[in-house]
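There are two complexes below, and they share subunit A, which is joined by subunit B in the first and by subunit C in the second.
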Partner chain A sequence: MESVIFEERQNQVHRKGKQPFDLACNKDSLAGAVSQRACVFCGSRVVLYPIADALHLVHGPIGCAAYTWDIRGALSSGPELHRLSFSTDLQERDVIFGGEKKLYRALKELIERHHPKAAFVYSTCIVGLIGDDLEGVCKKAGKKTGIPVLPVQSEGFKGNKRAGYHAACQAMFRLVGTGDTTGISKKSLNILGDFNLAGEIWIIRDYFKRMGIEVVANITGDGRVGDLQRAHGAALNVVQCSGATMDLALMMEEVYGIPHVRVSYFGVEDMAESLYTVARFFDDPKVMERTRKLVRDELAGLYPRLQEFRRALTGKKAAIYVGGAFKAFSLVKAFRLLGMEVVLVGSQTGTPQDYQELHDITDEGTIIVDDSNPLELSSFLKEKDVDIFVGGVKERPIAYKLGVGFCDHNHERKEALEGFVGMLNFAQEVYNTVMSPVWQFVPRKAGVRGQWSVASNQ
Partner chain B sequence: MLLRHTPKEVKERTALTINPAKTCQPIGAMYAALGIHGCLPHSHGSQGCYAYHRSTLTRHYKEPVMAATSSFTEGASVFGGQANLLQAINNIFSVYEPEVIAVHTTCLSETIGDDIPQIIAKARDEGKIPPGRHVIHANTPSYVGSHVTGFANMVKGMVDYLAKSNGHKENRVNLIPGYVEPCDMEEIKRLAGELGVPHIMFPDTSNVLNAPQTGRYHMFPPGGVTVEELALAGSSVGTVALGRMASGPAARALDTKCKVPCEILDLPIGLKATDAFIDTLRQIAGVTVPDSINIERGRLVDVITDMHQYFFGRKVALAGDPDQLISLTQFLVDLDMWPIHIVTGTPGKKFETRIKEITKDVPHPVNVRATGDMFLLHQWLKSEPVDLLMGNTYLKYIARDEDIPLVRFGFPILDRVGHSYFPTVGYRGGLRLLEKILDAILDRQDRDAPEESFELVM
Partner chain C sequence: MKSHNAPYTSTTNACKLCKPLGACLAFRGIEGAVPFLHGSQGCATYMRRYIISHFREPMDIASSSLGEKQAVYGGGPNLKQGLKNVQTKYGARLIGVATTCLTETIGDDVPGLVKEFRREMAESNGHGDLPALVTVSTPSFSGTHMEGFHAAVKAVVEQMAEGGPPTGTVNLLPGFVSPADLRYLQEVMEDFGLPVIILPDISETLDGPAQTDYEKIPAGGTPMKDIQAMGRSRATIEFGRTLFSQETAGRFLENHFGVSWRPLGMPIGLRETDRFFQVLEELSGRPAASGHARERGRLLDAMVDGHKYVFGKKAVVYGEEDLVVGLAAFLAEIGVRPVLCASGGHSGNFAEAIAAVTAGLLPEPPLVREGMDFYDIAEEAQSLAPDLLIGHSKGYHLARKWKTPLIRVGFPIHDRFGGQRILHLGYRGAQSLLDKIVNALLEKKQQDSPVGYGYL
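And now, the complex of A and B:
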């Protein structure tokens, strides 16, 4: 069992028990390890991508644009320009002679044709190396076309996704403060760190509307450039998702004095607490009353139905491996609400504080892991004999090969998992996969020793 | 209308690729390397590259995809990636214990100028490569060629590093299958088996990326060509390479290195190309074609005969990879269909010449472009609509906007299953293609037929 963990990684895996908690994290991945992490560019791209009326141009060889073409189910209620793939498709001669002229021509052509409200230009590894002056070209193109053209310094090798989130926040911050804030209510906020997967931000916006609070900007799900430009007129930043948009909230706090609160829209407890946190901030009895009513109304229909799922799922075991650790807190609580036990929890990019909190809320014996890999994950899943694994695209087939249920809590979720209704969707999804009749055919589960039934070609 | 941004008028673009019909070299190299038994592909670059390749391959195959990375950081990008690769090789052999590590480069390591053979030699000198284990490599800069080139380069790498001549020829043919699906590789082997031709196939991803559910997770699935077989390939009587672009370089390298003569053929998709493949195998091995294959061929011809009234004059637009498109275009022409718009993103003027030659008798102007993209294809379609689209999943945007039926064919297919289980090569594969084409055309005819001419028998 221990043999699947690199010696250098021993301190990035912890089993909750008697020994003191001291998990190493925030480390560069070991060269040669099959890490599930991605790069800076990936981080920037996933954060900015949902801004639907902006142009997103990838300055680099074709791969970076091809792999990020419409891969995130971030829904837009209007423009769809963000779902196209634009690339300068750098060739060998560009790498030798530089890609600045090409970039300028590409920007000019695209802006003239599509009239976007702003343009984001993503730097990739190669651009960082050949030293194209992204800032300069963007400035020139902005001047020529009259729209904000924003460089995103997202060279892949500069770190992991967290560095990419930071670069994205810096690019967005250049838009903030450039719009007219006239008419924005004193009871207003920006939603940060929600990407409108499966239409989730629409659910959350509706809640705030029912509380009597104006939403100024969605950052970034179903996002608009104009809203970002006037986001500094909001009274509060409500931040979900640990890494992605916190930097922007901090910058806005420093420069515009806008306070922020951290929230999570996953699970009943966290969803309700998030709304109350916002209500308390505005310190208005009417808002608080409306919030109480909202939570009451939503829960009334929800609890009886959740109880049904709970009866079926009690005692089942869950494993969680997600990008950012913050999401894992809510998942642990949500599984508890369903009567389930979380036996493994980990993330690609958690911080020491994140892991301490995870340690505090999990049960004895739970495995806590940072920057894991398929071999480790599969051995933990088997050891703990889990019924469901929650993760992203690269984790799904590992679960299925082992004959374990799976729920995508990442870009490929098809049902809204946020909000009160999201908890019900989540319960339904967990139930469907855990109780699927397919598992009776899995050799391991059926008590038959799983054997390759197909001879290899040797 | 997701693609409402596409204008009808075509303007030459020199700086910009929109909605690419290709991706970058490393993913092809990774796919090829997975066709070696017990091989761990290794991406010598930053973490994002391999994360994207693994995700894309996982979305296409719905299988776990294992690979490692050198995890470049800023330091490695300045001082070179030698330390990272040496450490990676050491870590990989000590924990994952593969038979082979197949290193491919990225735009980053290529531009820095890392000398991979020198680093591999150093690893060997320092004892980091255990006896009997191998490290091979291919240069796959992302700013040259496409995923097809990357595949070709890695297959050539297998020859360069592992093929050996033992001084005499043995009665056996090498089969290089091209950048095709695992089931296509299986089908090509089956056909060779029917003919009674002893063979070695490389690469061979069958039983790697279409492996059965067993309840167990295998880091190295049972399929793939073994190192021993690759060595023996140098002593075969001949090589049949399928697909000029994907398989040609390896076949020629084997001829040069071990004096194994080669025949480079089109991918055996459709009647004529499969005929050529069978005939070539027959001649090299000195065998007669068995009845079983004649029956398969006869069935394909029979179905074409039965349904030929539905094929005549149907206009088709195609996007994909050169080797596939050449054979498919020939097949469509043989069916009396009119392939009139054909794009690949992969550079190469020979492709355009070849397609023009194949379509010279089509009674309609034909548009063909290498280094094209799906935006261009869409523009062509707006001027001259078609009855059918064939290509990868990304064509679904055009299919929806223009209301044209789509037959999914090629790489990647992210939204359907079947492509990794049901071959499109050989006579049986031809039958499957026919079924898909007819289903698409006739379903559409049923959908659109006025009540009075809605027909039961077709």
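And now, the complex of A and C:
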């Protein structure tokens, strides 16, 4: 059979074995390859979306706003302005004569209606082309309404999601440093790169509270404009998610001298190590002792139940394809904890360092892939006879059509997978998926006609 | 530009989608076809996600993945490379190229580029048979997904249909209906003994069986040879009252090939379905098969059984214009008052179509609003105190706020299972809608009742 891998993409797929590891990545998507990637706008939108008391206005034609309306499970403990979808719905006339006036009127109208604490204005492909002065309109609207109105330079075609992360960080950085930091504890931090999907950031905040650490700003899950404005008062930035918010941490480090550490809240090992990393930073025996107790307490409840899942799941095979590679590291470890074998791992936007690390922690024979597509992914799933595939909504039908189990580990999920409790939820979901009786009936396992025949049916 | 009905500059929670999405859906209903967006990568990915979440099926949309350089110097090379890749890897027999706001604004001449591509491929040989290439202009800044859908259907017919000796076949252009609706239409046509070409046909491509292999292009869809033969059919039935005044694919077939054009409303509810069946009786020269007559009889029986539960209830109906027209027709027939009919579309024909299908049934005409978003709908509807909402799942937030039952129909259904299998059309579809409506009202009554009656 002809290979499903495009010639131009041969060096973006690697099978771990004897040959040296040198995976190409950071490339533009190949035209016609049905990349699973999105665009710059998408990157900005997913990062800023959870800021719940800000107005998020998409300056562009209707699609960009419509397809991002309330799509993430990013919860808020208070205002829910982020769940509304605002657009200037640019029309042909605006494309010809410019959209600046419409944008200004829309901003004024929406700010007066909703009284947000700030407004983010997202640029889309078309705005980049017609040359609207986003900066100028935002400035004018800010002056008129008295709130920060921040342009987000997220023209879709100007790169991939990572460029969008950067644009989002630049917009947020304009807020940082504008608030009052009095009263912030020396033992304090900002949580970066957690989006409070299914309430996850509340789990993490609770851990830090039990350690005796103050959380200044959630960036951006359950986020607030006011918290971002005083985020420069925190002693440490704790950064999860490889691409999304690292730029902000670096900017804050440069300007405000706030150091950062990288963490991951997925899986038992990484969760515990993340808390210890923070505890070590504050270099306080009391904090360290509280952290040890926290981890001990959490694990005591967790381990016996994980062992039950492990008994059932040992030897099952998993595939991983996610947006950023950092999450993949944790998932590889989490599956290992469940006794499962990871046979495929890939990401949309990993860096050379990310892939090297993936290569180092995976087993022989594992397929490592950058910026993949449905044809490749489906052929890998079949070849490796996978029991569960972890990805986002776009990957789901690839798995299901082949009769392969699936776990949504993306923005839209409604189950908390972070923290110690998240590991248990994850194990439960993997178990519920892999152990379902339906797989034995699908054509992949039972043949095209299964046990069914006209004769036996009569 | 929003319709004069809507007083605001900004749009909040749109009640429409963008044009290229509709085109992609239409192309998915052609056998061996791959939808292709000429634009930046994000558009294809967003639309795939949106469509997948409704149908729970693979939906591959290729993209020319334009970057900054191409936005400046033109997307031609990427378009050609993309077409070549889709041809070789997907084995596409047809590639439906829809434009986006990006490529429309930079002014790429897509038909010209495709012509160039054809010539280059012919010269270089060795690339096997070139797939059919259909192009359609779908700038997102003008019109909704429904305009995109109809534009794609029209482009396919204009660029592929041929004349010749008549075949006696009937063309059916159903618009954007569910796979269940399409399977129903096939059954009806078969029962009338009418050979039919349904374009597009997503009944299998977006509701297919479990597979052993990932099908690069899902089986099913309107065969290309059938599309070519559409110019030789004896008639074209085209659904959609708001389209009547427009240059549609059906009108094109009549003008160019003399295929008799039979525009009809979407056959939703009793009278609109009767009109559809009348045309079929006329074309086939025979009465409807007894099964359909019995379905109609059962529907009438159920309308009687249920009339008390629904009479005088007020419904807000929203979504695609022609779907709303059909739903309003049926609601009026069962005694529900469609107090507000709203759509994000603006054909200019919406109010007239609603008036036509509800004629003689309503004490007062409903508010009919084009160019609406959900902010406008909420504002209008609040004072109307509706008992029911009928539309796609994006109105759920209002149903929740007002504690009003929502009857989910159309696209998208992102918060329930089986959206692709909702049947709207024909006597059978009306029966299913009626059951849902009555039960939703009964459930609400039961829930709100302090007694908790066990008989209702």
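As a convention for this text, the second predicted complex is superposed on the first by the 444 of 458 C-alpha atoms of A that agree within 3 Å, B and C clash if a C-alpha of one lies under 4 Å from a C-alpha of the other, contacts with A are read in each partner's own complex, and residues count from 1 in each chain.
FYI, contacts are C-beta pairs under 8 Å (C-beta built on N, C-alpha and C of every residue); 3 or more make two chains touch, one makes a residue touch a chain.
Since the model is a prediction, treat every value here as computed from it, not as a measurement.
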When the two structures are laid over each other on subunit A, do subunit B and subunit C clash or fit?
clash
For A:256, using the defined touch cut-off, is the partner it touches subunit B, subunit C, both, or neither? Pick first, second, both or neither.
neither
Please work out whether A:202 is in contact with subunit B alone, subunit C alone, both, or neither, and reply first, second, both or neither.
neither
In the overlaid three-chain picture, which partner chain does A:126 touch, first (subunit B) or second (subunit C), both, or neither?
both
Touching partner for A:80 - first (subunit B), second (subunit C), both, neither:
first
Check: subunit A residues flagged as touching subunit B and also subunit C 4, 6, 28-42, 60-69, 84-92, 94-95, 102, 105-106, 109-110, 124-126, 128-130, 156-160, 374-375, 378, 382, 393-394, 396-398, 400-403, 442-444
Where on subunit C is subunit A touching in the complex?
1-2, 8-14, 16-18, 20-21, 36, 39-50, 52-53, 56-68, 70-71, 78-79, 81-86, 89-90, 100-102, 105-106, 139-142, 144, 208, 210-216, 344, 394, 397
Give the list of subunit A residues in touch with subunit C in this complex.
4, 6, 28-42, 57, 60-70, 84-95, 102, 105-106, 109-110, 124-126, 128-130, 156-160, 374-375, 378-379, 382, 392-394, 396-398, 400-403, 442-444, 448
Can you name the residues of subunit B that touch subunit A in the complex?
2-5, 7, 13-20, 22-24, 26-27, 37, 42, 45-49, 51-56, 58-59, 62-74, 76-77, 84-85, 87-92, 95-96, 106-108, 111-112, 141-144, 146, 189, 204, 206-207, 211-219, 222-226, 229, 345, 394
Which subunit A residues qualify as touching subunit B in the complex?
3-4, 6, 8, 28-42, 60-69, 71, 80-81, 83-92, 94-95, 101-106, 109-110, 113-114, 124-126, 128-130, 156-160, 374-375, 378, 382, 393-394, 396-398, 400-403, 441-445, 450-458
